[in-house]
Amino acid sequence: MADLSVDLGFRTLKNPVITASGTFGYGEEFLPFFDLDILGALVLKGIFLEPRPGNPPPRLHETPAGLLNSIGLAGPGSAALQEIIRRLHARTAVPIIVNVCGENDEEFAEVAAIFSGLEEVAMLELNISCPNVRKGGACPAQDAGHTARLVRQVKDRVRKPLIVKLSPNAADIVAVAQAAQDSGADALSLVNTFLGLAVDLETRRPVFANVYAGLSGPAIKPLALRLVREVCRRAYVPVIGMGGITCGRDALDFILVGASAVQVGTVNFRDPAAAARIVSEIALEMDRLNIKDLAEIRGKLQA
Amino acid sequence: MQDERGLIEEARALGGGYFLLKIAAPLIAAAVRPGHFVMARVSPAMDPLLRRPLGILEGRPPYIWLYFQVLGSGTRLLSGLRHGDSLDLLGPLGNSFPEMPDKRVLLIAGGRGIVPLFHYARAYGERRPLVLLYGGRGKADLPLLERIKSLTLQRLFVFSEDGSLGQKGLLTDGLEKIVREERPDATLSCGPEAMLARLAGLLKGRGLNNLASLEARMGCGFGACHGCAVPTVSGAFRKVCDEGPVFPLEEIQWRT
Amino acid sequence: MADLSVDLGFRTLKNPVITASGTFGYGEEFLPFFDLDILGALVLKGIFLEPRPGNPPPRLHETPAGLLNSIGLAGPGSAALQEIIRRLHARTAVPIIVNVCGENDEEFAEVAAIFSGLEEVAMLELNISCPNVRKGGACPAQDAGHTARLVRQVKDRVRKPLIVKLSPNAADIVAVAQAAQDSGADALSLVNTFLGLAVDLETRRPVFANVYAGLSGPAIKPLALRLVREVCRRAYVPVIGMGGITCGRDALDFILVGASAVQVGTVNFRDPAAAARIVSEIALEMDRLNIKDLAEIRGKLQA
Amino acid sequence: MQDERGLIEEARALGGGYFLLKIAAPLIAAAVRPGHFVMARVSPAMDPLLRRPLGILEGRPPYIWLYFQVLGSGTRLLSGLRHGDSLDLLGPLGNSFPEMPDKRVLLIAGGRGIVPLFHYARAYGERRPLVLLYGGRGKADLPLLERIKSLTLQRLFVFSEDGSLGQKGLLTDGLEKIVREERPDATLSCGPEAMLARLAGLLKGRGLNNLASLEARMGCGFGACHGCAVPTVSGAFRKVCDEGPVFPLEEIQWRT
């Protein structure tokens, strides 16, 4: 059988399939569906220092082959999450990645430091790209300078590998990617959701209180794949690609353009066992195409 | 909770855009209780992307029944299912209405909100007297009435806004009198948000145990996406899919 | 019945529905399906000075609810197009808009000048945003400075109203919009297609010879609607919105965020009578919501 | 050209992923000629977004027959159609094979490429002798054989790569001999691109009139999108949908 393992430099994963933040809850919601050890890793829902209620409903709006969300990073806060992580870790050996959020740079660093100190956590993913915190969708990942400052500040406070998650809404995502890696990011992940808008003609208001929301799902895959390729061409740290992946073929597309691993998001809602299915589909597809090892195709797009 | 491929045994159009499906889904049927729902995958393609939540009208292993109204593209696709087709279902999901033995229970159903209450009456109606209040816009909105007559009910009150069936008016118009006469200990309700909000006002301070089953847009149906949150009077949000869909009526912060 | 007419300042259209360039051929292809006079206007497929063969196949690739295209602006050249326009004009009274292309600024101006002189042409649309001409998808509309220069140069040579078509791939589309209007654009239209990528794992090559291609269709609607709103907030000239419109409701969404009119693109392939259907759906929807006139809702999004 | 809602009269699975649909579509049926195709809308939802091109196997007003192979999501959805369902069709589209009376015609069909040639034989076969060469990977790939026996053909040669039906081998392997023996004036062909490319080589310089029906990815099917272009030997592109799908074999620039 094909070798699905992935060497990130700082860590090896048994396969490239990671569940994406905010789409896999706190892991335990998926225990009824499959053994989480099947995954390469999982990323928990984004966490702030304190508990947050999240945005008022509606929080979701379906579009053709896409999903707009404005969850607003509802969550129990970092103290409660530590408990959840311990509980989860007792039930699975899958590497756990904490998605670190903050309203300001100090909070990012604070939250990162907390989870850097937690034995059960394998890595941190710095979510500097959530469009649902500030009105209008602004986030640190829209600016290379801010990203550099923030990553450095966080990096100083943590000892775990740090993945920096990028926004497709940046004017120049490649510049932001470079800023992040030059400032110490151990890996990059992209894309977070695209800023989108839905309106309600009846009320003449935006569907979401926050006006804009983040678009994810199969609709964005061609756009995400392009951005991941652009970032991979300049990145010297591993890149984790995502955006609209629904099957093994989709995942391999991201690896072909240079991603080391992938994250699987919205499809988890449609099909709770999707991530496990994608792991086997990747293996089957590799066997079919006689690919022994992911390195054989990683970044091998001829263009 | 099961991820089960159901087989359509019977598909019936009831008129007025309402449909009834009888589905062989033995694992879900074996576990279902009144108030539970399923998430149904409406298309093998990526539009519609998400599953749709549907209450379970009745469960008699190996079958479950779904009853739904065509609203948009998801329910339209479901209405095209025929005998022999299959349908991916996740369920049973959510909490359920408690049995409450020895209590006098009033069931209040608006439109397609009949689903969990029908289930309740089917499951528990033979063991003690139940009263059902069922309302809709008009006759075409109440196509389940024939089937309801097969339930064991102590009394049935029917309301229609246009007077085409039962008493003319909103069911909330008749509520006060019915509560006075029937003296229930508890009410179980399901229906449009405006109806539930009005019920909350009418039933307040009467010392009844009022439980309502809510709807919300759902991303996953099993607690992972936090998309189905509803505000409560305490200011906190609750997830309809796994903390509900049944909540104390008083706990919800009604928007209307 | 509701009044669907649209006053663009320089011209009135009987309704806001315009068929988008490249998705409505040269008009005549649709004569079997409906009377073109039903439309507010139509835009012809983009034209260069000389005939162009276009890109090699494949030129299309379907994605979930979206379409990637790399047609490469195949076309008969401006001399032949004049004949086509005369023929079309003899069969319909619908205002004809010419979509003007160029490999360089001079060619844009040249082509614009030619069709500005043609009586049968109502307006010009300057396609400075096509991602399928240069490899990598670059186009003048990615840069405010280039856009300003080019628009001024073209404006000097034409007497017909000039619509400038913007690219969603610009780092700052609002800045480009401002440059275009400040330089004399009579109206703005957006969005052209989003840069996307599809790859073929079997051959390990991009699906398209040009690598990137343009994404259109319902998949992009939430993204397009946001960009149109952003541009409308700063525009003092009329804005023509588009991107993924498939029904009257979609069209009205764009008007609600501030568009004066809309263009209807990819849906024409799926449903050749779509544009005519959308005109009636708009009227029905306005009646249902008791909207007498589009001005009642134009830009009236409360956010 | 019509934008017509067809009604499925009969839907049959033929095994091996092949399906046959009998559709009441009187306007299209009245106008159809061999070589024509339709664009079928495969979903009311937005994925798949585009219609799919399918050749017309036969037209006998008010019916047309479609024969297709499940390849991806569009054809999979079509395979779920049942008696009583409807299907939006645009057609008939494209040019067609000329009748060529008084000519000896050899039909060459690879796999699903049988469609326009079956149609041709049905329409013109009774008026003069036709020879059909039909090939596929194996028996499961040639499920139309039974139906083909109902055609009036002078001779039928069947090839399968695995030898499970007819002669073992590619149909192009047998071509030379058949051409020598049957002495056709013209060949009409349809099949995979590799087969057509090979045919072009084999038939070159024999003075025959060789016409082939091509496939291409189509956006619209009626000339508007320029998505279906194929390169010709002159360097120019031709649109398969409205300048084709039938072209002189020699005119196409084969990629293989």
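As written, the chain order gives the labels A, B, C and D, with residue 1 at the start of each chain.
The rule is short, and it goes like this: contacts are C-beta pairs under 8 Å (C-beta built on N, C-alpha and C of every residue); 3 or more make two chains touch, one makes a residue touch a chain.
All values reported here derive from a predicted model rather than from experimental measurement.
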item	value
Touching subunit A and also subunit B, the following chains	C, D
Chain pair with more C-beta contacts, C-D versus B-C	C-D
Euclidean distance of C-alpha centroids - subunit A vs subunit D, Å	46
Separation of mean Cα positions, subunit C and subunit A [Å, integer]	34
Multi-chain contact sites of subunit C, meaning residues that touch two or more partners	64-66, 217-219
Residues within subunit D bordering two or more other chains	45-48
Arrangement of touching chains [line / ring / star / complete / other]	complete
Footprint of subunit B on subunit D - complex, ascending	43-48, 73, 76-77, 80, 82, 85
For the subunit C and subunit B complex, residues of the former touching the latter	64-65, 218
Residue ranges of subunit C in contact with subunit D within the complex	22-25, 29-30, 32-33, 45, 53-54, 56-62, 64-67, 69, 71, 74, 217-219, 246, 266, 268-273
Subunit A-facing residues of subunit C, complex	63-66, 68, 171-172, 194-199, 201-206, 211-213, 215, 217-223, 225-226, 229, 244, 249, 252-253, 256-257, 285, 289, 297, 300-303
Subunit D - residues contacting subunit C, complex	1, 3, 41, 46-51, 90, 216-220, 222-231, 235-237
